[in-house]
Every structure is written in structure tokens, then in C-alpha cells.
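First subunit A sits with subunit B, and in the next complex the same chain sits with subunit C.
Right, the complex of A and B next:
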């Protein structure tokens, strides 16, 4: 299928409480339209996956939601409040403050810090004490509470035994888990995972799927993820959106998407006589 | 949760206390003209400035070269507010005694020096901190040059004394306690700069160990991730820039006390490079390293290598090459060797307590 023939599929209707809503999101870099008129939404408690071939604009869509990019046009709403879109100038930290946390496709841990300090750093956002209080270490109670919470998060992801190791000395899979734990430390309600299973073997991928469902329930999260491992996507997603050449070409439940001929064509290609 | 051993921290405190006690004792015993005290005083001053620079370059990842400019502001503010009123007609002889006709206590002047430097940092930080790496370095370097010229500008004379020097303000030697005849009963002229620098560096260490310290380090490690974790980049960079400048300002005031005079033309880019060199040799990202290397740097450049500048005879044999200026040649070679063999500086990113921890896992690089 060539780029011109792709039809934009409108967003589907659901009856849950909408957490995140993208309206006609478009992101243009010069002559390249990375995301083209993309509308979607996520309901509370859902796991929604965004899939599509390489270069389809999935990570760009993520970067628009987290304000790393300023969308060319369109609107982004979080719990009904506009948090991004055309003419909205917000820095990514403000988005995190609202309760949206993310991980990165190419892991971005704080390399000069221990595993434990990586988590502690992410708690800086929610601290109540000011600069002087912190410098003079008059916030012992807060610090103690944070340390306990950071330790709990490490227990959740099973990294307590490496807490004092440098973050970048961990094996790949553990670094991914640490990134998720670090994102959780910002106390999000919506978690964005950018290819959490990249570089994992089938066994690890399977475990990761169970892990995502577990933290979703434990932390009352809504999850939005980009993923290439179709088994993982089909296993745990409630709904799936498919992007191709920046355009939304399909959406629905895993079964619907799996059987959609447009999706199959996008992934496998069709003969053009 | 695991609890860390307290032993390294205790040992660190013992060492610090021992150093202060040794400085105090040496001052009472050795003649005050000894080169040792020159080195200790200037070393303490440079240690503070180097640590303040390390806070920016090593811990926040902001490559700034404005240190000499902020030191200049600190030195001038200190001088302007502490020259005794009766001495002002002499100092400001070309400007009819100058505009300011009051003095403040030394401690207040020190804090004012820091605040003035921090204020300028806030002002230039607004536009400049948007820049990254080399561009930021060039912009801050430019700022330092501009400040140096503005201070010497004639219309500024009634305040800054123009291109003439400020002098007759309290210096380190005025901290010595004297009896009625003017004889020194208790020498404090080295201990006091150690105390000032110690308190300031202590505050910086406390900052680095707080939540804010971690936030600054996260900016150094990965700006994009730091921002995604909710750390406001602009705010935290500005904060680091102002705090660093505050302590550079106090360091400038200490330099004024050490030199007993202040003149803008000495606060050159070369001074910033000296401090950068100290930071790099000590280890970018190590407070202990900066402190060690400033004393080593000052001792080597002012004292230990002095003999290379004079003719030396071994028996009847005159050692070749030794003449005025040769010291700097040797000094440069030593620095090159250090940089070649200690790629990460003397301390790397380790601190004093780390030296007492038996197994410290290094970052896998």
C-alpha cells in the first residue's frame, strides 16, 4: 500500500471515563508529516497499545503527549483539561506534574547515580520542602518517607539486591524495569511505555506482560504503550490503535485489529500490480 | 532497608578536624612569614571557588567560564563596603573620596559579595542558560570580560575607583588578635579563611546531598530524562548558576582579603582557566578532588617550584636551563602528565568518605 492510499480511520467510541484524549493531532517536521490527523482516547484503567511499522510516528505521538514536541496542530486533553497541542507552550516537567510519566525507547537512566538514587531523583517533583529546608537537612521525616517509598518501588520491580549498584551497570532487562520504577516514583496516573520489551527474549517478554498488568492494578494506573512484540500486545491490551505513515489506519480490540486486512497489509505489504 | 556503615563519615570528620587543628597549631608555632601560610590562605580561597565551579561543571553539567567575573563582583563589593570611611579620601583620591561613605561588618560584606554575584548570575542566566555546552561557555566568558571593563569605566569611578585599585580594607591579617601594643597574641589569619571556605564548601556538600543535589546531577546525566521526571530544567539550572556564583563571589572577597588590594585587571580569563584546571585535575564531579588540587596547585605554582626560577649550583656545576620563568615550563609539563595519567583527575568522582569504603563499585563504562 502506498502512502497516498491510506485512509484515516476515525476514533472509536467507548463508554469509560476518558483519561487521555488526542484530537486531530498533527506533527510536521518541515516537509515530513510524522503524525497526521491522529485522534484517539484512553479510558481509566485500560491498557492501550499503539502499534505500527517502523517510522509510523508512534514515538512522535508519545513525544507530543509529553510535550517534548509542540504539535503542529490538534489538541491533547488529560482528564478533560487541555495539556498540550497547538499554541500550548508547556515544558515536559509540567506534564509529569499532572500525572503522566514515561519510559524511553532507548533507555535513559541517570548514569552517574546508583539504582536507588535514580528512584529518589524522580521523587524530587513531589517534595513539599523548599531549598533551604533541604540543604540544611531539616526535612528528615520527608527524606525517610521517600527512602522507604523508593525501597518499596525497588521491591516491586525486584531490584533491591542491586540498589547500590550504578544504574548503567545493570543488564538490559533490569534497566528497563528500573526505568518503569523511576516513572512510578513520580506518582503518575497514566503511564506511557515506549517499547518496554525491546531487546527482551520471549520468556522475559511474557514476564514483563504480567508485570505491567500487576503494576497497573497495584498503582491504579492507566497504561499507554508502544510495542512491537505482538504476543505481548495481543495478550495484555484492551484496545489497539494502528499507525502507518503517521495516519491512524485501524483501531479496536486485539481480535478486531488482528483480522483487519488493512493492518495485515501495512505490516506485510501487498502486491501492487 | 540496608543501613550504611557510619565509619567512613566519622573518619572524614576526624580528618577534617585534624586539619583545622593542625592549621591552628602551625600558625601559633611557625613564623607568619612562612610560605606555608601563603599557600594555605590562597589554597583555601581557590578551594572554595573551585568547588563552586565544580557545582556547575561537574554536578549540573553546565559548562560555564564566568567564574573570574563573579569573583570580581564579590571582591569589589567586599572592598567597597569595608574600606574604613577615614581611609576613603586616600583610596578614592581621584574621585573625591567616592560616593559610598559608610562601612558594614566584614561578615555582612562577605554575604553581600555573594548576593551581588548571585544577582548578576540571575540577570545573565535568563538569556545565557538557554545555550548549551560550548556556546554557554563562550557567553559566560564574554560576560566576565564585560564586567571587568565596566568596573574600570571612568563614570563608575565614584563607586569602583575606576581603573585604580581598592585597598586598605580588612585583610586576613586583621583577623589576628593583638594586644594594646599591637603585638599579636593569637594568630588567626589562616584559620579564619579556612573557616569561611569550610562553611561554604560544607553548605555546597549539604546541597549536593539533598533532593536538589540529586536533581542537579540528573540534569548532568540526562536532560531529557530529568525533564520527563518532572524536574524543571530552567529553574534548576538557574538555581545552580546563582548558587555557584554566590560562592564564587565570596571566594572573590576572600581573594581580596588575601591580596589586600583589588584591581579589576587581575580578574582575567586566565584566572578562570586556573580554576578550571584545578577542577579538572581534582576530578570533575568531586568536591574533595577540587579541594585537594587547589592546595596542590597553589603550592606547586607559588612555592615548591620557586627554586626553578633561580640559578642552582650543585658543587661547582651550574644546573642548566634554570632561569626566571622556567618554573612555568615545568609546571605545564606536570599538568600534562597529570592529565595524561589521571584521565578522570586525582579523585575521579569519588569523595573523601569513599576512600574508606572497601568495596565501592565503579560505574561500568
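Right, the complex of A and C next:
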């Protein structure tokens, strides 16, 4: 299927409480339209997956939501409030402050910092104490709470035994878990996972799926995830959106998407008639 | 022999400490913004000029010193906001050119105010007094400098390792974008960096001009350049590197200045060779050598640019 023939599919209706809503989101880089008129939404407590062939614009969509990119046009709403879109100049830290956290496709932990410090860094927003109180140790109580909280997050992802090791020296799978824990440290209500299972074997992927469901319930999250492992996507997603060449070509429940001929064509390619 | 070397060593340690205080500003700003802040040496000079004018107003000297430090920190803050912040998304070269612009602006502003005349730096009680240690007669500032530098560096390292803002600085220096996505307000982190760097340059200027008590619009150029070489030598981005680099440069420079006397007294030469004039050349030769042999410096991280 060539780029010209792709039809944009409108967003579907659901009856939950909308957390994130994209309206006609478009991101253009020079002559390349990475995301093209993408509308979608996520309801509270859902796990929604964004899938599509490589280069379909999935990560670009994430970057628009987190304000890494300024969208060319369209609007982004979070809990009904516009947080990004055309003419909105917001820095990414403001997005995080509102309760959206993310992980990265290519792991981006802070090198030269321990596992524990990586978590503490992400708690920056929620640590109140100023410079003077910290230097003079006036905030021992609060800092103790913060450290306990960071430790609890490490327990959640099972990394307490490597807390004092350098983050970047961990094996790949553990780095991915640490990235999730670091995202949780910012106290999000919406968690964006960019290919959390990349590089994992089927068993690890399966465990990760259970883990995502567990933290979703434990931390009261809504999850938006980009993923290529179809088993994982089909197992845990409530709904799926499919992008191809930046355009939304399908959406629906895992069963619906799986049987959608347009999706099958996008992934496998069809003969020109 | 030792008696001959000792005074040179002592003043080397002192000057080295003063370079270190400037070098920290270069290295911290580079660590966070990947910017060589060419205006930093001029901030150091401006701190000297401010002291001249404040002291002339008749305020008690300790209050003047305090005011100088505060105003210098403020100057750093304002420079960042006016000249660098608007260029946050611009190519790095633009910011560097802006820094050169700030450097010339400060120099010419001071030229305009002073009329290009040497200004006498006020004598600060206690640290301007003479003291005799072993074979050397020197000013108290020579002893105070290394002690103060060590205290300030220890404080700075604690700030960076233990506090929230310090942790944010480390995160921003590792990965700008991710730090932002973890909720860190990079603009306040960058401002803090400039405030700390300028404050330390202010401290450095009080110590330096107590030793070399005239200030003119170009006074910041040489110490600034040498501190820059120290930062590169130590591995730009590394605070311990900058401090050690600065001490090495300060000591070597002064030993070269005294080389004629030392060699003569040791009986190795019968007449002065005029080696002292090579003291500046040594520093810059060191820069060339380190860039050729080990561009990342003594403690610099080996980095590959992200694609």
C-alpha cells in the first residue's frame, strides 16, 4: 500500500472518563509529515496500545504529547484541559508536573548516577525543600520520607539489590524496569511506555505484561504504550490504535484490530491489483 | 635550595587557587550547556571594578566584599537570561558567538566607565597584610586562598551530590531532554549554575586583585584564559579536574618565573637566561599538548556525540 492510498480512520466512541485526547494532531518536519491528522483518546484506567510499522510516527506522537515537539497543528487535552498543540508553547517539565510520565524506546537513564539516584532525580518535582533547608538539614523528616518512597519504588520493580550500582551497568531488562520506576517517581496518572518490551525474550515479555497490569492497578494509572510484541499488545490492551505513514488507519479492541484487513495489509503488504 | 623554591611554590599555590575559582565557572557551564562561556573572565574583571567603586563609596570593606559577591552573582544571572536563554534552541555556535559578544560588551562598558585607566584595588584588612612564613614574606591572602578554595570546593561538591538542585544539575548535564521530561525545570538549573559560577569568580577576584591590585578592562582576559586552559587540562565538565588543573598551572607558572633564580642559586647557570618570560607560553603550550594528546583532559569523560 502506498502512502497516497491510506485513509484516515476517525476516532472511536467510548463511554469512560477521558484522560488524554488528541484532536487532529499533525507533526510535520520540513516535507515529511510524521504524524498526520491523528485523533484518539484514552479513558481512565485503560491500557491503550499504539502500533504500526517502523517509522509510522508512533514515537513522534509520544514526543508531541510530552511537549518534546511542538505539534504543527491539532490539540492535546489532558483531563479536559489543553496541554499542548498548535501555538501552545509548553516545556516538557510542565507536562510531567501535570501527571504524564514516560519511558524511552532507546533507554535514557542518567549515566554516572546510581540506580537509587536516578529515582531520586525524578522525584525533583515533588520534593519541596529549598537549598538552605537542605544544606542545614532542616528537612530531615521530609527527605527521609522521599528516600523511603524511592526505596519502595525500587521494591516494586525488584531492584533493591542493585540500588547503589551504576544505572547504566545493569542488564538491559533491568534498565527497562528502572526506567519505568523512574517514571513512576514523578507521580504520574498517565504513563507512556515507548516499546517497553524491546529486546526482551518471550518469557520476559510475558512477565512484563503482568508487571504493567500490576503497576497500573497499584498506582491507579492509565497506560498508553507503543509496542511491537503483538502477543503483549493483544494480551493486555483494552484498545488499540494503528498508525501507518503517520495516519491512523484503524482502531478498536484487540480482536477487531487483529482481523482488520487494512491492518494486515499495512503489516504484511498486499499485492497491487 | 628549598628556601629558594618555597616562595615561588607558595605564590603558585595561591594563584592556582584563584584560577581554580574561575575555572569552576567554565567547567560547570560547559557541563550543563556545552558552552564555553567566553564572558566568564570578564565577569571576574567586572567583579574587580565593582569592588573599586563600592569601596570608594566609603562602605565598610567587609560589607563591600559581600556586596561585590552578590552583585557578581547577579551579573552572571542577568547575562544568562539576556544573552544565552533566548538562544536555547539555537545551534551551539550561535550561543558561543553571543558569549564573545557579552565579553566585548563588558570590556567596553568598563572602558567607558573608567576611561581606560588603571584603577587601584582597595586594600582589604587582614588578607592584604604581610606575613612571614619560613623563607617567604607574602600577603595573608596567599595562605587564605588555598584554604578557602578547598572549603568552597568541598561545599560545592556536597551541594552537587546531596541536594535536590545538585542532583538536578547532574541530571541536566547528563541528558538535557530526559531531565526535563522527569520534571526538572532546566532554566532554573541553568540560572543556578551561572549564579554559582559567577559567585566563585567574584571570590576569586577579591583574592586575585588583593595580590595584583590594579584593575583595567582587560584584567579578566589573562586569568580567564588560564582558568579556561586549566578547565580543559583537567577535563572540561569535571570540577575536581578544573581545580587540580588550575593548581598545576598556577604552580608551574610561578616556578618558571623563578627558574632563573632557582637555577642560579643552585649553581646550574652563571647568568640569568630570561626564562621567566616563558611562564605564559608554558600554559598555552600545555593547552596545545593536552588537546593533541588527550583532548578529554585529565578527568574528562570519554564521550561520543549522539547521532
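The definition used in the following text is that the second predicted complex is superposed on the first by the 272 of 273 C-alpha atoms of A that agree within 3 Å, B and C clash if a C-alpha of one lies under 4 Å from a C-alpha of the other, contacts with A are read in each partner's own complex, and residues count from 1 in each chain.
Simple rule for what comes next: contacts are C-beta pairs under 8 Å (C-beta built on N, C-alpha and C of every residue); 3 or more make two chains touch, one makes a residue touch a chain.
The model shown is predicted, which means the values in this text are computed figures rather than measured ones.
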{"item": "Clash or fit (per the criteria above) of subunit B with subunit C on subunit A", "value": "clash"}
{"item": "Subunit B versus subunit C as contact partner of A:151, first or second or both or neither", "value": "first"}
{"item": "Which partner reaches more residues of subunit A (counting touched residues only), subunit B or subunit C", "value": "B"}
{"item": "First, second, both or neither for A:182, with subunit B first and subunit C second", "value": "both"}
{"item": "Which of subunit B and subunit C A:127 touches, first, second, both or neither", "value": "both"}
{"item": "Partner chain in contact with A:237 - subunit B first, subunit C second, else both or neither", "value": "neither"}
{"item": "First (subunit B), second (subunit C), both or neither touched by A:164", "value": "first"}
{"item": "Partner chain(s) touched by A:112 [first = subunit B, second = subunit C, both, neither]", "value": "both"}
{"item": "Footprint overlap on subunit A, comparing subunit B with subunit C", "value": "66, 68, 91-93, 96-97, 101-102, 104, 108, 110-113, 117, 120-122, 124-125, 127, 129, 131, 134-135, 182, 185-186"}
{"item": "Contacting residues of subunit A [partner subunit C, same complex]", "value": "66, 68, 91-93, 95-97, 101-102, 104, 108, 110-113, 117, 120-122, 124-125, 127, 129, 131, 134-135, 182, 185-186"}
{"item": "Subunit A-facing residues of subunit C, complex", "value": "158-159, 162-165, 167-168, 170-171, 174-175, 177-187, 301"}
{"item": "Touching residues (chain side subunit A, partner subunit B) in the complex", "value": "66, 68, 91-93, 96-97, 101-102, 104, 108-113, 117, 120-127, 129, 131, 134-137, 143, 146-148, 151, 163-166, 168-169, 182-183, 185-186"}
{"item": "Subunit A contact footprint on subunit B (complex, rising order)", "value": "1-2, 203, 206-207, 209-212, 214-215, 217-218, 220-222, 224-234, 239, 285, 349, 361-364"}
